[in-house]
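Okay, structure first, notes after.
By written order: A, B, C, D and E. Residues from 1 in each chain.
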C-alpha cells in the first residue's frame, strides 16, 4: 500500500465522490416524490392510477437496476429514445427507488392502528381529515426507519452506474485500476469513501429504529 | 312517551357467514341512560359500533332524532358529531398534545372558532381535573388520565348522544373510579342520553335507567335497571349476575 | 423495425445459451442463500447473547457488509483475497462466497430482530418452567421467530437474485454476460437485438422474483392478520 | 501487491501446468474477430486459435477465462489464469506489473467514427466525448496525451460499441486492429484516424516472475512465427472480417 | 413455629437508580397462603419476580427450604422446578399444543418418562375441566381456559411452592371465577404453599392466611387476613381497601 499513490488519486476520487453524492441526492429526492405519489394514489384508491401504481411497483421491485439501466441506456436508443448517461442513471435510480419508497410509506400508513383510525372517525373526521391529521403524521413516523434503509440502499445502488460510464466512485476506482494496476490502494480509497457517506447514515438508521420501536412522538 | 332519540329496528349483522346480531330492536329516550350487559362475545361492542357507523349492518334500520339513517360513510361522518363514542383503549392521537387532541374535532370538523373552542376545551379539562395537562402528550398520561381526556375529546363536539364501550376495562383498579365518576356526572347533572357497555355491575346498577341484556347476539332482556338487578327474568341473566360477584 | 429483432433470441442456440446463463445466475444465488442463511441464523442467535466483545465483532461484520456496495465487495474479494492471502477461487465460486457472506450479514440482522421481538414474557414463561438457555432457544424463541423471519428472508432472496446481475463485472458467465456475447455476435444481422436480449433478461428476472415477492407479501399479510387477532 | 512466487510453488510454471493437464488462458469474449463467442456458443477468434495452438504444443487441455480489458492484469496476479492472450498491448506501465513474452501482433490506437461525420484529425475531438474501454491503451493515450478530450469509459467492448451506435460520443478509440474489423461489419462507420500515439505490440503475458512459462512462450512465439503460423491465423480468422483498409503486414510481424 | 419454606431478609432492589424494594423481610410457612396487596406500582410484581430469579436483587438474602440461595442463573434454573410461577398474561407458547406446553417442563427439564408425564398431564387437565383441549393450540382457547392451562403447566413440575401474579387481571369477568376456584382448590385441598398477588379483594379475603400490604416498595402491614380486612392498621391500607369496592 502506497500513500503516494493514494494521494495522487484523491482529486479523481473527489470528483467521483461529488458525483455519487449528487446523483444519490437527486435520485433519493425523486424517489421520495414518486414513492409518495404512488402511496397516496394507493391509499386513496384513485381509480386507474391505483392499478398503474401497483404494476409499476411490482415491475420496479422485481428487476435489477443493472438491467433497468442497460435498457434505458443501450436498448431505448434503438427505439429512438435517448437520454444522457447521468440522466439515465437518475431515471433508473428513481424508477427503482420510487417503488421502495412507496412500499415504505404504504407500510407506515398501514401500520397506523385500526383503533386510531376509528377514534378519528368517532370524532367526525372526514376521509381526508383522517388522512391529514391521523394517518399521515403517524404513518410517516412509522415509515422513517424504512426510509432510512432505502436511502442507504439507493446510495449503494449508484455503484452500478459504473456500467453506463458515469464516473462516480466505483467507476473511478475501476478505471484507475485498469490504467495503473494499483488495486489495493484504489479499493481502499473506494471503501473509505463509501464508509464516509454511509456509516453515519447507518448509525442514524439504528437510532431511528430504536426510537420508533419505543413509539416516541412529539419531543 | 318521551322523545325517542334513537330507534333501532330489526338490525342484523353478519361477519362473513357468522351471524353476530339477530333482529335487534330497541329505542333510547332523550336523557335516558341504557346499559348494555352480557357475556364476552355476545355482541355488545358490535352493536354499539353499528350505532356509530363503524360497522356496516346487513338488515334493519337505525333512526336518529326522528331521521332514518341512510348508512353511507358520508352520512355517518356527519352524524358522528352528534353521536360521540369512547372506546376501551383510550385511543388518543399520540402525535398531538392533549389540547390538540380535543380541538381537532371542534375546529377541523365543526369549523368552530379556535379561540372559543379552546376556552370550552379548557373548561372541560378543568371539569375532569386535568387542566395542568393541556400541553402534555398522551404518553405522559396515566391510563386513567388518558381515558378522561378521551371522554373530553368526545364531549367537545357537544354530542346529543354518547356511547361508552367498556371505558374502564383496561384501567388499573384504583383508576377506575375517577372515570366512572365523570360518566355518572354526565348522566346525573348534564342529563346526557347514553348507552354504556360495562362490566362494573355496581356502576351499572347505579347509573342505568334501563338494561339491555345481550346473549349470542340476541336481546334476551330489556327491563328497568331496578328489575334487572333485583329479579332478572331469564335464567341466563341470573347466571350472569351471579358470576359477576364472586 | 424493432419486431424483426426478436428472432435474434431463437437464432442458433442463443435461447438455450441464455437459459444456461440464467442457470448459472440462479445456482450462485441459491447456493449463496443456503450457506448465507445458515451462517446468518448462527450469527443472529449469537448476537442476542450478552457477551459484549462478541456483539461488537458481529456488529462490525454486519456494518461492513451493509455499508460497502456489493459491487465493491465483489472487487475487493476478487482482487485482494487471492493476492494477500493466496486464496484462489474461480469467479463463480468467489461470487458465491461473497454473496453468502453478505447474505449471512443481512440474515443475522433479520434473525436477531425476530428473536428480540419475541415477547419478553414468553422468555420468562420459559424460564419459569425451568428451561435452560439452549432449551429456551430450541423450544420457544426459534420456533416463534420463524413467522417473522420467513417473509423477510424471502425478500432477501429476491434482492440476492437481483444483485446477481452485477456478476458480469467479474466475468462470471451469467445470463447478462451471455446476453452481451449474443448481442455482439449478432450485431450486424440484428441491429435491434440489444433491445430484445435485454428485454428477455429483464423478463427472466421478473419471472423469478415476482412469485417470490408475492409469496413473501402473502405470508406477511397472514402474519399481521394473525397478530391482530 | 507482492507477486513474488518462487518457481517451486508457482502454480503456473510449465511443469505445474503439465502436471495439472490444463492451461488457463484469459481471452476476450466479446471482441470479434480476436476473442468472442459465435452464434453456436463456441469461443473463436485469432487469439483463441492461438490459445488452442499453445495448449496443443504444451500437450495440455485449455480452459478459457473470459476477461475484460481492465482485469487482465489482475487475472494474472491473482492466479486466476496462467497466460493472457487477450489483445494485450505492451506498455511501460504494464511491463512493471506483468511479464510480456515476445509480441505476435502490431497495433496502434485508431479512431472510428460515423461515415457521415467522420473524424480524421485528433483536433476534431477537443472538448468532445470519445468512447473508450477502461484499461485499454487508447484510454491511457488520451488520458495522458490528449487531456482536452472528454472520455466516456466503459467496462466491455459490447458496451462501448453500443454506446457509439447510440451516438453517445463523436468517436470511439481503441486498437486499430479491431476497429478495422468492426467497421467492416458496421459499414456506416469508418476508421477515420488509422493510427495515433505510439506504435506498439501485442504479446502474451504471464505473471511477473513466472520465468518458466515466459521462456516457454517466447520459444513458442518464435517457432510459430517461423512457421508463418500467424499469417495463416490472419488469413483464416481475421481476413474475412477486415475491409480493404487492412493487409496482413499491418497486423502480423515479419517472419524473421 | 411451623416449617419455614421461604425466608426473605433485607431484600433491596434497584432499577438503575430507582429504589423499588426497601428492606423487605418476611417468611412463608409450609402450607401457608400469603396474598400480596398494594396499589399499582408498589412493587408487588417486582418482589414476586425476585423470588423466582426473574429479577436480580442488590442486597439481602432469600432462603428456600432452609438453604440460602446463591443467585446465579444456573441455581435459579434448578430452583424454578420447585418454585412455580404463573403470570397475568396467560403466556402459553403459541407454537405448541396445550399438551406440549404442559409436557415441555416435565420431559425436557426434568427428563421424566414421556408416558408417565403425559398421564399426569391428562389428570391435571381433567382437574381443570380441559381434557378436551389437549390437542388444541393456545389461540383456540378463551382467556380463562388459557390461564387454567398455564396453571397446569406450572403444576406439572410438582413445585413445592407457587407464585401467582394477578392471574385474573386480563380475564373477562365471567371467566375469573373458574381460575380462582382452581387456586382455591390448591390452597384448601392440596395444602400448597403460595404467594398470590391479586386485585380481587373478595378472593384475597377468602383465600389468604396472611396479607402483606406493599406501598412504594415497602411492606407497610404484615398481618393475618382477618385483621387486615376488618381493621387495617395504616391509613394508606384503609384508603386502598376503600378504593377497591366502588
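Brief remarks follow.
Everything below uses one rule, namely that a contact is a pair of C-beta atoms (placed from the backbone, for glycine too) under 8 Å apart; a residue touches a chain by one contact, two chains touch by 3 or more.
All values derive from a computational prediction rather than experimental measurement.
For the remaining chains after leaving out subunit D, touch-based grouping gives one piece. Mean C-alpha positions place subunit B and subunit C at a centre distance of 52 Å. Taking each chain's centre as the average of its CA atoms, subunit B and subunit D sit 84 Å apart. Each chain gets a centre from the mean of its Cα atoms; for subunit A and subunit C, those two points are 19 Å apart. Across the assembly, subunit A contributes 74, 78, 162-163, 174, 177, 183-184 as residues in contact with two or more other chains. Residue positions of subunit D with contacts to 2 or more other chains are 1, 71, 74, 155, 159, 162, 165.
Shared interface positions of subunit B, defined as residues touching 2 or more other chains, are absent. Pairwise chain contacts present here: A-B, A-C, A-D, B-E, C-D, C-E [touch as defined]. Subunit A makes touch with subunit D in their complex at residues 73-74, 77-78, 82, 84-85, 162-165, 167, 171, 174-175, 177-181, 183-184. Residues of subunit B touching subunit E in their complex: 39-40, 172-177, 180, 199-200, 202-203, 240, 243-246.
Taken together, the subunit B residues at the contact with subunit A in this complex read 52-54, 73, 76-78, 80-81, 84-87, 89, 91-97, 104-105, 108-110, 137, 139, 150, 153-154, 157. The residues of subunit C lying in touch with subunit D in their complex are 11-14, 17, 78-79, 81-84, 88, 90-91, 168-171, 173, 177-178, 180-181, 183-188, 191, 194. The touching residues of subunit A, when paired with subunit C in their complex, are 58-59, 61-68, 70-71, 74-75, 78-79, 114, 152, 156-157, 159-160, 162-163, 170, 173-174, 177, 183-184, 187, 190-191, 194-195, 198-199, 202.
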